[in-house]
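Order of writing sets the labels: A, B, C, D, E and F. Residues in every chain begin at 1.
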Amino acid sequence: MVNKVKEAWAQGRAVVNGWLAIPSGFSAEVMAQSGFDSLTVDMQHGVQDYLSAVACFQGMQPHGVTPMVRVPWNEPGIIGKVLDAGAMGLICPMVNTAEQAAALVSACRYPPVGTRSFGPIRAGIYGEAGSYFDTANKDIAVLPMIETKQALDNLEAILDTPGVDGIYVGPSDLGLSLGLAPKLDREEPEVLKIYERLLKETGKRNQAVGIHNGSAPYAKRMIGMGFKLVTIMNDSGLMLTAARAAVATAKG
Amino acid sequence: MVNKVKEAWAQGRAVVNGWLAIPSGFSAEVMAQSGFDSLTVDMQHGVQDYLSAVACFQGMQPHGVTPMVRVPWNEPGIIGKVLDAGAMGLICPMVNTAEQAAALVSACRYPPVGTRSFGPIRAGIYGEAGSYFDTANKDIAVLPMIETKQALDNLEAILDTPGVDGIYVGPSDLGLSLGLAPKLDREEPEVLKIYERLLKETGKRNQAVGIHNGSAPYAKRMIGMGFKLVTIMNDSGLMLTAARAAVATAKG
Amino acid sequence: MVNKVKEAWAQGRAVVNGWLAIPSGFSAEVMAQSGFDSLTVDMQHGVQDYLSAVACFQGMQPHGVTPMVRVPWNEPGIIGKVLDAGAMGLICPMVNTAEQAAALVSACRYPPVGTRSFGPIRAGIYGEAGSYFDTANKDIAVLPMIETKQALDNLEAILDTPGVDGIYVGPSDLGLSLGLAPKLDREEPEVLKIYERLLKETGKRNQAVGIHNGSAPYAKRMIGMGFKLVTIMNDSGLMLTAARAAVATAKG
Amino acid sequence: MVNKVKEAWAQGRAVVNGWLAIPSGFSAEVMAQSGFDSLTVDMQHGVQDYLSAVACFQGMQPHGVTPMVRVPWNEPGIIGKVLDAGAMGLICPMVNTAEQAAALVSACRYPPVGTRSFGPIRAGIYGEAGSYFDTANKDIAVLPMIETKQALDNLEAILDTPGVDGIYVGPSDLGLSLGLAPKLDREEPEVLKIYERLLKETGKRNQAVGIHNGSAPYAKRMIGMGFKLVTIMNDSGLMLTAARAAVATAKG
Amino acid sequence: MVNKVKEAWAQGRAVVNGWLAIPSGFSAEVMAQSGFDSLTVDMQHGVQDYLSAVACFQGMQPHGVTPMVRVPWNEPGIIGKVLDAGAMGLICPMVNTAEQAAALVSACRYPPVGTRSFGPIRAGIYGEAGSYFDTANKDIAVLPMIETKQALDNLEAILDTPGVDGIYVGPSDLGLSLGLAPKLDREEPEVLKIYERLLKETGKRNQAVGIHNGSAPYAKRMIGMGFKLVTIMNDSGLMLTAARAAVATAKG
Amino acid sequence: MVNKVKEAWAQGRAVVNGWLAIPSGFSAEVMAQSGFDSLTVDMQHGVQDYLSAVACFQGMQPHGVTPMVRVPWNEPGIIGKVLDAGAMGLICPMVNTAEQAAALVSACRYPPVGTRSFGPIRAGIYGEAGSYFDTANKDIAVLPMIETKQALDNLEAILDTPGVDGIYVGPSDLGLSLGLAPKLDREEPEVLKIYERLLKETGKRNQAVGIHNGSAPYAKRMIGMGFKLVTIMNDSGLMLTAARAAVATAKG
């Protein structure tokens, strides 16, 4: 299977990513028909676990979107499980040092690059098991989250870690770490300046930057700014917003 | 527990109803915080079964919306189960004759009115089992769907069936039965004329009419026309529409 | 597999039956270690469906209790499914006429006695598929519920229906049908007189009578009166009662 | 979506069908990669219910096999639900009369042909909801099971029922009904003669005949005899047989 | 949402806590109506995982009990997930050093106090996301378990760790660590002396002590001794005990 | 409960082990009737999590096979949970050093040998909780996986770790670590030489060696070579192979 996200990045294009918090293969297949390039099952803050992630992957597979996961933590057991289940992109929260980045990469790559254990139970579906092995190390996107002051302090070392394909920005946690309120779609100049630094440093290394957004217009603006993966809310947030608007209109 | 839908009807007010197709207690609790007066678990065309309906009821309960169900068919086994689970409103598809309406009412009401079996396993939560029994027959709204030519032919007899609290209109099936395409938010004069007849006949009998809608503005218009319960799409439809719009904006 | 319930009846002994409303294989295995002779998954008023019944059967199987089901309704589809899953006893609500009793028996027995379809997917576990077929028609206990005035009017005809192994009494619904409040452990002389009639008529035909009870002392009394299967509350009721008592003591 | 089964039949080819008893989307996707033309979720004798059927459909969808269901009974509620979920073939047990065949067809076809209610929640995935409606009545294969003496007595009338695309033979139940043991891969001359009659009568009407088999060689022989759909065991049976052989070899 | 446990502690009152081992939202809602002040989902020794904990939280929410969790281990991934799901109390097993206590607190508190990541997907239900953030750090009770000799050796340092609201005693493991048999409701003078030390040291620091008990009378005694949270068995233990007693009475 | 695997080893016999990747109690009970001595739920590369492992254990329990688990990682939280659920054998991936082996043993053994926490919620089923505690430390087989060059370098130290009952070989990962392709049933002389070393070193210490195999004949050969536990494929692999062969025959 081609990783459409990495393909887009190779061509210099940005992708629009959906975010799955609802633990249901059915809602995943609905989201998969909405036009997103990729869908990320959020196992950290979403109401998801391993088997619900598998169900979401099954729901999205026929619709051609690239399956991704945000794992709950930088822990090799769960990283191996979601990759075996077919994740083509792996977002990991709270990567604050080069050591943590190296551990993340190691868990995501087969030897000799890393230490991932072999057994792609569902991932092998995307081809013969042999061919999956041949290309998995380069096909799978490894994306540590940069979301603390400590990570910013170690930014270059994290980015220089071999095997890091890009980074993902968590604006709420980043804000918290800087002493600001937790929120998305930030406008503080100091934050936007950080975004520029992230784009510049990753640009030097031919890496992509993704970011979580609270609205489509802000996401569009971030694409314009140079981000190569933009997420808009999540499935439950899109539903809630739409439902509230519909109720308000009907009640007039 | 007060049935807020019947309370609103008693006061002449219309309610806005949400529709649950996603089999998840989590998405139900999100919908329950969107402003709807009631939420209906769609066991006919939704991706729902009995235990997912229970999960949805659990998700919505703390948020004060009235729990309702559309059963898959006019069958006493499933009707009893969802009422025991706590449904305060029961929408039944394809009620085409007075006999079918009487069977529906019988399955929903305890003796001596009907033949419902006693054992309100979750419904008893809304009070002492004793007090639930005392008021269930009048609290639960029984709403046969009028959605075929045959049902229109038998309309008065259906409405005259003791225990029918109102009706629910399925515009797609009604259209199909009339030789029209299956769709919501209909504008054909012949259909609008039928709606007027339904409102008039139920009005005479102090019954409410509900209708399924594909958009909030049309739902609002239906309230203006006299409908007392309007549904807007369903959870997955709201999510899909919002997701598509967000993607279009971000990519735009 | 020997049906211990029928074995006990053949020897003139009464059995104590547990009742499962919680849809969990784990709680079923806990109940299966409590000393009950049989456990009945309540698919009518319990929070149960077909797959949760299978999970409960799996939980109880190693502990030697006889698996039974109360189906939600006298419908051949679900009756066949739970028998295939391994139910050795089948309690069916609201059997009010000989015709209904005959339909129930027919759904429970293989030809030439009845019309059950062959495919004992889990039931075959209790032996070779061949041997299951050989004995299923006599091993499985078929127990219509007698719980309405109409059923009492048709009692002899129901009992005379070939293949009826006994009956099960639902005191709440029976009371409702007689114009009394729905409750267990009844003391009204008219009800106790009905119980005596049931015991007498079944006694003539070598059939067993079971009854649902709200307390262990009443259940014991019913055994003394001649009932051959007594149920005490259900899993969730036992838990609730014990929890309330424990809290009261601790807060005491 | 093209119904590959009907397409093959139109071209005079037979299809090999897999049978799903394990309630798991994962085992369904494994079976979907085994070379079967279609996979049937067995909701009658398999350990399956509606939501597990949906999970199986999701598992098989990316692999291009045609999704089918055997419903537990000829009941319009469950028939509508599995068609909405995306079943392209509908096998119904115990269709013994022309009236039952007509009821089955009616539940499977939209007006004006039948009375199916509109709301293809997952089936609409296979195209725009509009286009699904346009072709569903002809795309979906309706296959009553012929498995009793009564059905044989009414064979011509059942086959003459408009909308019947073919039949499916259940050798175990057919044997039982004839006073024989319940088994597959039958060799009794009287049974083979019945098969010939079924092939001849359906051949006259351009209908297909499917049959359940216990082994691949017998299935192949049935194709040679003229059957147009052959099922081989089921998922759990294939696994059990293979496991027993592997254990015997290893221990051997 | 007010944390009623901390509120009681602020007023000097003890709370009675229930313990959930059964992975079912239904059994949780039954337990939630039994009079407990709080309910703890036991993800360590109970038959629970993350999604079953969410289901239990949904079941208990309308009934006003305070939701708590015992996590399986001192691991930030699962701690974050259950807090996001709405846990207002966090019991962590095997906290044996001040470093472990500090790691626990860090995982439970937002910056600048700790390093919890922001995304309270269900917890935000208890108010606007904003207001949850404002009070979460002080509302959530963090309770390390003291259950080894090593923990006793480090007791003062553990208690002095900023952010520790109290401790929870596991009598079985504590006994094991001291070379005694694993059991509850201990009477060994050396153990009771340890309890007194725990009460004294926590008393100095205005912290609460909770303890697991095997019976209600012992729990009551512990309240008298100064414990501020007493747990009585668990859901399955209460059920088992009650079932055994009922069977004995009925058979007696 | 007797651990039949350890019993066989004590008698010098090899056991044949099945491997469960399908998250279903039903498929587990089918596998449990295939002749395997033990069944291992694969939580690392299988589509399994904790609750599905419990369901598999429930499915296999009545059939007398020894329940085992491969955990996803050497992490005390999940190790404790699966032991409490009743695992009698614990296979842990990627144990590369004596320290890791010691941590594994510690998590599996009660004090004073290790640090396992007491609460055998399902394991206690195999006897009174007291008796389980008395024998668990010696009954449970602890089997670190030897599957990297680093593990081979530390082999003696790993084997000398007190409490290690044997080892399990993962041929794919071992090959990867040696610069070979990931596959089972290896024939490279250098690998077979490693196997001989493993057998020799464990033989000195009276420990058993298990190995994962891709075919029954190779597994048999490994028994002949001295391996004491051989696994053949997994449930889904056996099913897939059998299904492909059946389709080929039928179509052939």
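Keep in mind that, in the parts below, a contact is a pair of C-beta atoms (placed from the backbone, for glycine too) under 8 Å apart; a residue touches a chain by one contact, two chains touch by 3 or more.
Owing to the predicted nature of the structure, the values given are computational and were not obtained by experimental measurement.
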| item | value |
| --- | --- |
| Least step count from chain A to chain D, where 1 means the two chains touch | 1 |
| Furthest chain, CA centroid comparison against chain D | E |
| Which of E-F and A-B has more C-beta pairs touching across its chains | A-B |
| Same or different contact residues where chain F meets its copy chain D, judged by the half mark | same |
| Centre-of-Cα separation between chain D and chain C, whole angstrom | 34 |
| Averaged-CA centre spacing for the pair chain F and chain C, given as whole angstrom | 42 |
| Overlap residues in chain F, where contacts from two or more other chains coincide | 21, 23, 26, 33, 47, 49, 54, 75, 78, 122, 236 |
| Pairwise touch network: line, ring, star, complete, or other | other |
| Pairwise chain contacts, counting only pairs that touch as defined | A-B, A-D, A-E, A-F, B-C, B-D, B-E, C-D, C-E, C-F, D-F, E-F |
| Of chain D, residues touching chain B in the complex | 49-51, 54, 75-78, 80-81, 84-85, 110-112, 115, 117-122, 130, 133 |
| Complex interface listing, chain D residues touching chain C | 21, 23, 44-47, 49, 52, 71-73, 75, 78, 93-94, 147-148, 170, 172-173, 176-177, 179, 181-182, 236 |
| Chain F to chain D touching residues, read off their complex | 16, 18, 21-24, 26-27, 30-31, 33-36, 47, 215-217, 219-220, 223, 230, 232-233, 235-236, 238-252 |
| Complex interface listing, chain B residues touching chain E | 25-26, 29, 33, 54-55, 58-59, 61-62, 122, 125 |
